[in-house]
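First the structure, in the form of structure tokens, and then the observations on it.
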């Protein structure tokens, strides 16, 4: 079993709030992340695939192919976007790093032809990141 | 002469466009940076002060003080904000990295008690940064 | 199950030795790390919490809260300190990265209100780091 | 159980191809990585050892010793080398990151005196890395 | 005057030697960098342009354009190449970081439409880099 | 004119204070940096040499030689040391980053055989660094 990681980056804006919470709850939970006009991040995404090496190629998966799958299914939909308004696969979700990571997992799941999706890591800032393993 | 640098970060959103340009010009110049709902970045700001060392302290400038000046005058106004709508010192400016760096210089200029402001560096992504030296 | 990481840094000094070992053993084991007047590091601490997302917030745990817990229980006690002399929770321990990581785990264990403590990672230099998972 | 990581770097060249594949297959699979005169990378190697802390030293394993084992068994054989032509332990293998990581595992396996080899991570570029856990 | 930097990376192999030197001189000067089958690096290239901001765009130079100029004139010629054998603009030169940086400057000089080429920085490893300012 | 940089790291402890200041001044100026038992950092040192390329070698200066000069004159004296007590070239100086950088310059000045010493950069933390150019 080997693990292969591809890293991609995207720049996006978001606002964290839940319309069903009171103003006081919102303030306490989301604070400055609830700025009505939004803020943004350079997100770093790492997609990890697990599996066996193909002896003909020495690859678990061709990284050019993995890159294309990530760009087509994720980066093209979130890069230079507003995560609250512009991204169908996040519609109706609070775009926290946790929710974005799970939604990215769901976008990629079933689309990796060699090996299986093992982990999605998402760095929101240099001090905060999340990981989801399905 | 010695140079002392303090690094701070902030997360903000922006949209790049000029209402006086045609749609075609806008598309060509700003492309995906002109997403109407905005996008965002983790900006890294480096403020460089130049001057002489104070022999009593071994400091050019106390970095706790430099940090406080940068936070009071810049970070508190741009962190978790929309740079087009929420920041008075960027009002009426296209918030490119170039314009933000110059506006930050102007916010800091004259407020450094020891040494003189030498340079403002602003990293917008891991691949793009600008520097302004007044 | 999702994993959320908060990164904090602290600067501290230490000296590695065990008074019960002979000088020769000490030299062989600790070498220059046993400088009598000590040396120091910028430590990077990553605290990883595992659990379920709260659907009301989209958070596993509010990172502002996790940051506060780490600062109150760890960073405030070790930052700008001598790890041999100034830190009660390291008293009587050889302050290797391994022992510091375990001691930090013990300081945090039981204090995370949402999710459970999953891992403590501690980077001592750019080439050395340790991880403890309880 | 604690995990201790040592990081080392090496600079090497390689060419990815399999003489048993057709030209068309080679082009599709290896593309520019099959440049006949080769290309190269600064590889970052992380070796992770798992085990118990020795109470006399506070170490799982003395990192000076782990460093020496990695340099003697791996770095001295691959640094400033051509991975297709100069490295006996890669002979007959396509030098993909996957195959290099497994071959490094095999070079280190059985040579760690304290703890057991847990993982070999190999970063080929800032966007691609692999991990092997035996 | 403002300075705008674009960062690109490329992976290449090389061998350092001068056929006009004796073996002894070669050994002393180039050591392991003279491995006959070559070695390689992930090079990081930073291209810095200096000039005035265009008030219509807020740009010194459109970074999409600067990126295209760097890729067309440099990256496409050196990425995944052998710098001794495959690169016309390095023909007959010892491909040290110093010589590569100057050759890249010459490839870019006169091709920047807005502002002027100010500096070429080239990182060969995490410990070695060079800068050329014309 | 080309600039060549060599980066080295060292780990050291220090305490910032001036015995000629009152306790109140000391508290205000040095705060937690004046912990009586000291604290420490992983310092990153960059030494930049400027000059002309030697056409026989393609080097401004052989980096193996520059590395040796830095290690013999600086790193061997400060790594794993207490900067207040163990380092002759810092004796009687407050070991601020500013003073350390200038002292390192003085240790290296006149010892670079090819090119001339251009700059000493010293990173004390990821947020603070200084530069001295003589």
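Things worth noting here:
Residue numbering begins at 1 within each chain, and the chains themselves are lettered A, B, C, D, E and F in the order written.
FYI, a residue touches a chain if its C-beta (ideal position, glycine included) is under 8 Å from a C-beta of that chain, and two chains touch if they have at least 3 such contacts.
Just so you know, these numbers come straight off a predicted model, no measurement behind them.
Of all chains in the assembly, those touching chain C and also chain D are A. Of all chains in the assembly, those touching chain B and also chain C are A, F. The angle of the rotation carrying chain A onto chain C, fitted on C-alpha atoms and rounded to the nearest 5, is 120°. For C-D, the equivalent interface among the listed pairs C-F, A-C or A-B is A-C, as over half of the contact pairs agree by residue number. Seen from the C-alpha centroid of chain E, the farthest chain centroid is that of C. Interface chain B/chain E: under half of the residue numbers present appear on both copies, so the contact uses mostly different residues. Rounded to a whole number, the gap between the C-alpha centres of chain E and chain F is 28 angstrom. As a whole-number value, the distance joining the C-alpha centres of chain A and chain E reads 33 Å. Those residues of chain D in touch with two or more other chains are numbered 126.
Under the contact rule defined at the top, the touching pairs of chains are A-B, A-C, A-D, B-E, B-F, C-D, C-F, D-E, E-F. Chain contact summary for the complex, chain B toward chain A: residues 9, 11-14, 32-33, 35, 37-42, 79-82, 84-86, 125-126.
On chain C, the positions that touch chain A within their shared complex are 1-8, 53, 56-60, 62-64.
Of all residues in chain E, those touching chain F in their complex are 16, 18, 20-21, 29-31, 93-99, 101-102, 126-133.
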